[in-house]
Amino acid sequence: ETTLTVHYPMPGFFKDVMDTISTKFMEENPDIKIQFANPSATYEEGIQTIMRQAGTDEMPDITFIGLNRLRMADERSIPVDMGPLIAKDASMAEQGFSDTILKLAQVNGKQVGLAFATSNPIMYYNADLVKAAGGNPDQPPKTWDEVIELGARIKALGNGVDSVDFRWQGDDWMFSALLFGAGGTMLSEDESEVTFNGPEGQKAFQLIDRLVKEAGMPVFTKQAGEQAFVAGKVGFAFQTTGALRNTIKNVGDKFDLRTAEIPLLDPENGKLPTGGNAVVILTHDEAKQDAAWKFAKFAAGPYGASVVVPGTGYVPNNELAAKSPEYLGDFYKENPLFQAGLKQMPRMIPWYAFPGSNGVRVTQTIVDNTSRVVDQSATPDEALNDAADEVKRLLPRS
Amino acid sequence: MSALSLRNIEKSFGGNHILKGVTLDAGPGEFIALVGPSGCGKSTLLRILAGLETADSGDILIAGRDMTAAHAADRNIAMVFQSYALYPHLTAAQNIAVPLVMRRLTRARRLPFLGRMMPGQRKAVADIHRDVRDMAASLKIDHLLDRKPGQMSGGQRQRVALARAMVRRPSIFLMDEPLSNLDANLRVHARGEIVDLHRRAGVPTLYVTHDQAEALSMADRVAVMIGGSLLQLASPQVIYEDPQHVEVAKFIGQPRINLIASQVEDGATVALGGTRCRLVDRAAAAGSAVTLGIRPEFVSVSRQGNEGLPARIERLEFLGSEVIVYCRLDAIGETMVAKVTPAEGADLSPGVPVRLTADARHIFVFSKDGSRLAAAPLSSIVTREALHG
Amino acid sequence: MSALSLRNIEKSFGGNHILKGVTLDAGPGEFIALVGPSGCGKSTLLRILAGLETADSGDILIAGRDMTAAHAADRNIAMVFQSYALYPHLTAAQNIAVPLVMRRLTRARRLPFLGRMMPGQRKAVADIHRDVRDMAASLKIDHLLDRKPGQMSGGQRQRVALARAMVRRPSIFLMDEPLSNLDANLRVHARGEIVDLHRRAGVPTLYVTHDQAEALSMADRVAVMIGGSLLQLASPQVIYEDPQHVEVAKFIGQPRINLIASQVEDGATVALGGTRCRLVDRAAAAGSAVTLGIRPEFVSVSRQGNEGLPARIERLEFLGSEVIVYCRLDAIGETMVAKVTPAEGADLSPGVPVRLTADARHIFVFSKDGSRLAAAPLSSIVTREALHG
Amino acid sequence: MADLAAPSTGLAGTVPRAGTPEQREARIAWLLAAPALLLVLVFIILPVAAVIGLGFTDFELGYADFRFVGLENYAELFDDRTFQRSLWNTAVYAGIVTPVSIFMALGLAMLIEAEGIGRSFFRTAYFLPVASLLVAMATVWQYLFHPSIGPINAMLATFGIPGPNWLGASSTVLYSLSIIGVWQSVGFNLVLFLAGLTAIPRELYAAAEVDGAKSGWDRFRLVTWPMLGPTTLFVTTISIINSVKVFETVKTLTEGGPNKASEVLLFTIYQEGFVYLRVGYASAMTVVFLAILVVLMFLQYRVQDRQVHYS
Amino acid sequence: MTSASFTPGRVARLSILGLGALVFLAPYIFMVSTAGKAQSDIFTSSLSLIPQQWFYVQNFAKALSRVSMGRLLMNGVVVCALILVFQVVIAIPCAYAMAKLKFRAARALMVLVMLGLLVPIHATALPLYVAFDRAGALNSYVALVAPFTISVFGIFLFLQFFRAMPDDLIHAARLDGMSEPGIIARVIVPNAWPAVTAFSIFSVVAHWNDLYWPLIVVSNQAYATPPLGLLYFRAAEAGDDYGALMAATLIITFPLVAAFLLAQKRFVEGITMTGLKG
């Protein structure tokens, strides 16, 4: 009998999901016991905990790491390379692990994990407000211009109603949604140059500026935006599809909640960052590694996805799960709110992870400068250039 | 017109009736000592008078004006507290100045910085300084003016408290056991000082103490308060030599008066050993219980003779100028105390059998309810006045 | 062999020389009162004796054994503190039992639960209970045994403190102003009790007080300590009637002794008004300064005659059984105090001119350094012994 | 029975009876203080020493090796704008929370002391925030401060006042956090002041009244304030320390944002050490932080102690 | 002073106090109200304290089932009790020595205590973590308790209290034959209850609610403390499960409030007696 200690972040999302998956797993693998370590509130706290514990007896056997922190973890040689395990395993593709999906959890070609929950940014909207402002809820805006125009009308409804909540706080994910959506990149191919301050980035920041100026987007904190939206006081919210289940619960039947694909600055070539996390094996114990691999595959596999998707709002990380009626096929038919994320799947590219030891700082710099635009203390160009300068300084000089 | 008059003051705390209708008048410049056992309500009365506590009923008149409802600060009453209640953070000079500052400077002037810039401020402050210094000089505490209370001895603190009370020429002066924290020698000395001060200032003073020696030696009149009632208000001599109540007799006099239970005999006489007295107004029926009181200095002890009550010396207390003799009356199982001179006490020692005789002229007779019954030595009936001639 | 002997005890705190070589012997069962003004070092001496403080030099012998370095607990000394220092969380019975428990039960036995199971425990505990009850009975506090100190009056606490000290039959008994927290009446009563207890227990006792009346009335011998030195150690009578130092005479006696600066005249005589004494050993040269002391009770005041010192009555203090007369000697600008009976004082009042005469047999002569010079009334030279017959 | 007869020296205890009584006493004192001393050493002194040591290295969490970089970290601190910002923010925060919570607590304590009824209710009501669990309370405050649906702004709106964007705007976020800080610390100070007030002798107030201090303000100036000196000194000390140590609210409510408007020292240290994982640099910050606290306490004691009266 | 009549001054005083109490309690009122609301009922544009649907049972049930509340509370009690016992047992002798015994290091100790007051656990967490790890003591009660066994605040508080205790009491105990540890056990401690109560409240409140340190040293749920348990109701991205979170908070806060209510009189008394003079 093997006991695996599993650590995961954001229990608010994943506790029930994890419990279900592990119960099922243990049923199927009676010789493996899963026990959970104390979960961490955020990805950042999660990775900290792991780094602290790395090399100690406390280190769990398996953890779930935010996709953009995999690189950082790998630089510290924390994850076990899954390459050999995959190589041994003949049936990867059969189990729904396509190459695109595998790529999400690779760092410089090394398979450091398996994507477990994947997300992309979508548009949530309050159909009641849209209607009240004279829009058609069944024809949600397709472009940012439409969003801004309709948002302005919603804002004009008064009574404390706000137009837009764009989730720019926390990390660079939503900025990259705009940037990638305009076809831009963070850094040049060889990671030696900052490129996010190019025209695409400028468009992204200008859009944020317009959201504020023209649509009257207020400065929300993360929770404040969430609370206002579920209270029915915000027209559009742009954030991860992973929050969908909780949003549905919080909204209840206070208003008609809808979702739609997020507008892209470049509707043709625009891409979207993949949020979410990957299951990572930490244990170097041979015997445990086998069990861990089993569990990782199980969690990231079609069954896991079939639990994660309805339980949270994440999009399936597994092609089999998405298509097979055994898993989620019917679910999507019955739950149209979940379809926005699904439809965007083809546009998903990895969440960019910055090289070097200052990765987290870099994302913080982008957030800080975004906030300057949102609270209108800097022009988009100033903020963007400041961000670029600062990020340049923080990148490894080589 | 009396300087101060209290009319029928009543006060209860919760269910406890503490003051039971106290009426008291003080003449201008009079020094009245209020004595009584602990808890009898002395401080309460004083606090009511000062306006720190409100009476349930009764009136307070100061110099003829009704002050029953006036604010403490408006009564112009000065008070010295048992603990002195000096402000520990202020120097002696600042302590003494407080009542002047509070009265002479407007609120604006008292502001920390602004005050200094107001016109006339300098003069006002200089006046206060001068008055404080004068007061300190007259109490001989000039050298202490810069010290804080924590750096002073009990006696020094007491003088600072007096100075603080006197400096503003109050219309009435209240003192609540101001000497009780001083040691014996200092206390005797301080008594003199307070009397002196009172004489010079001429302010009517109500002085609370539970030390009867203090009351007798300092006051023009002594008010004896027991259990919330004023039992007697009279000059020290009268209080001592002519107590109107057994409690007064018991409370005043050191060592305590000897009290012996007895009965009225036929012919309205009472007997203490061989000494007999007759009740003057013959009010008490024969056989009714009375208490006889005789002060220790009027009990004489002799080793010879077989007159007087037979007793045995239990203990002698040498006090320098006098000797207290504790004598056991074996017959009635009581102890009688006599006060003799060292010379008289020289041949006495514990265990010696003696005879005690009481001076008939100084026997007090108290009825069962404690009130005094007029009596006279049986041998020669003299009027009470003659006794105090 | 003396029960206790202190040899040349010295103690300084910081730079302050507090005890300046104190030597004192106490016989078995002796009651010695240690008096002196506040701050003279009485408590310090007691604490050194008890082992709570260490002397800088000097030796402490208890029943002949050198205890100078012994631990407080090993000296078997009991002490009653001014504040009583009862354990506030324990009942009277438990308080009294503490020294017995600590001495009779081993550490193991004192453990909360285990202790109970040890053999012989019951007997030991029962013995302690019995001793506590006996002690309480003899101090009449049986009814208080279940109360905690907070629920007792000052007098009751004091008795519990006494019981706690006595119960273990200490080899020496120390008391540091045990009565100073009691009020005057209770104090007089408690004196008797302590003397009684001492007599019954027969334990040598050192009793600290700054109240000279206590010292005189209670002690077999009185030690007068002033400024860190023992000035005189003698029986109360001798201390009062034959002080060997001006400070002793000043400290003992209430009201204070009258001290008048004077000079030795030709023929080694000194004069106080018309009263003259001759110095017995004629040691002092004519013209050398001396101080004459006369106690107030030996000063007589008369309104008639023109003998004696002319004076003016300044103030009268009525004390019930006696009257204190403050007389101003205008000629020399000093005040002389006389103590008279109320009868004698009846015709005196402030401002009246009087003549003061001192009883020549009771005049003390002190040299400039304060030591006593033997002197005798000039008219009839009698030996000093005769005076105290 | 044998042990009953044990000599009185049986309670000699664990301490050998050698040397003079003074030496004995000192030895016992050492023994009694030893456990505390040892633990202070192990859990305070040594870790602080370790932090000081780390401050001279480039240690990063996750990497096994590190090198000594001398004063490099400290040099970097000098031009670290985030650090300067957080220094300033911490100063502002402490500058608001300390005096406001002290004076508010004092005022409330005096009102409660003067009031006969409901003392324990008020005491509990004001103390409750001290016992609050910030993880959960953060959510509540988030809601109360919500710019559009929050009760505070709703209330302001009824008076026609447009409510600010409390936690969202960089201009107000620090003040909003200060309000929470005050809310959390008033109860603590209040209890201390209540205790201080009960210790003031009633007679002093009587004396003040008789001396002519008619108004409550006069009595406050003359008696209450000076007599509370020692309490105030203690409360000030604790308040300064606690407000400089602000962390939880920032971490849970604002993450230092927006745009570092609510970066405070401990949060910055946490961010550097645990998020950016630069332990060496964070340690250098910690050293500076501790140094600031020490200097602050020293100054505060020097200034205030002189004016405080100890009875 | 405390007359029964309602003078204008008194009415003003009571209104200020009442209003203030309301403001201070507002977050709690919101908490209690939220604990009874359905998730969709919580954030609405209309301010209503009364839940539209009565959801208390569901939320409390969730709070109790989602985490093993019994285990959490037990851990909380064990950890707080151990911390408190150690703090008191270690601080009291030290404070006694500093207050009542003469030894030269007393002043230096005082400085150490004052400096100790300044060091937050946040500052030393990392070296401590490393040390516990090396000792293999992470994920244990030892790790949760050990760093707090020394409370300089406690030493400080007891020191003030003991200084106010009369020397005579200790002298009497010495003469009665007690050793110094005996004095502490038999005289000091029985009379220090008010101070111990006051200190207990401070200590328990702090450690019951502490999240920072348990988060670092505990990964095994067997040792999770109540605040760690609350994490399960928190989602970083969107919408905590507020109703259940508040219900859980109420469950966790209740023991503290009850303890404070029971102890508050002694608590204030205890602080009074310590005099708190620096």
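Letters A, B, C, D and E name the chains as they come in the text, with residue numbers starting at 1 for each one.
Everything below uses one rule, namely that a contact is a pair of C-beta atoms (placed from the backbone, for glycine too) under 8 Å apart; a residue touches a chain by one contact, two chains touch by 3 or more.
Model, not experiment: these values are computed from the prediction.
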Report task. Trace the shortest sequence of touching chains from chain B to chain D and report its length in steps. Result -> 1
Query raised in the report: If you take the chains that touch chain C and keep only those that also touch chain E, what is left?
Result: D
Requested in this report: Quick one: name the chains whose C-beta contact count is the highest of any pair.
Outcome: D-E
Query raised in the report: Which whole number of Å gives the spacing of the CA centres of chain A and chain C?
Result: 91
Report summary line: Separation of the C-alpha centres, chain B versus chain E, in whole Å, is 54
Report task. Please compute the C-alpha centroid of chain D, do the same for chain E, then give the distance between them in whole Å. Result -> 14
Report summary line: Rounded to the nearest Å, the gap between Cα centres of chain B and chain C is 27
Requested in this report: Identify all positions of chain A at which a residue touches two or more other chains, and write them in rising order.
Outcome: 52, 160, 170, 227-228, 231, 233
Query raised in the report: Do you know which chain C residues sit against two or more other chains?
Result: 51, 73, 102-103
Query raised in the report: Do you know which chain E residues sit against two or more other chains?
Result: 43-45, 177-179, 182, 231, 234, 240
Query raised in the report: What chain pairs are in touch here?
Result: A-D, A-E, B-C, B-D, C-D, C-E, D-E
Report summary line: chain A partner, complex, touching residues on chain D are 60-64, 139, 142-143, 145-149, 157, 165, 167-170, 253-255, 257-260, 271, 274-278
Query raised in the report: For the complex, which residues does chain B have touching chain D?
Result: 47, 50-52, 71-74, 77-79, 81-83, 85-90, 98-99, 102-103, 107, 110, 148, 150, 164
Requested in this report: Sort out for me which residues of chain A touch chain D in the complex.
Outcome: 44, 48, 51-52, 54-55, 75-76, 78, 160-162, 169-170, 218-221, 223-224, 227-228, 231, 233, 357-358, 360-361, 364, 367-369, 371-372, 374-375, 377
Query raised in the report: Which chain D residues qualify as touching chain C in the complex?
Result: 1, 3-4, 6, 8-12, 17, 20-22, 24
Requested in this report: Spell out the part of chain B that touches chain C in their complex, as residue ranges.
Outcome: 38, 153, 183-185, 188, 191-192, 195, 210-213, 216-218, 236-237, 240-241, 252-256, 295-297, 315, 317-321, 324, 326, 339, 342, 346, 389
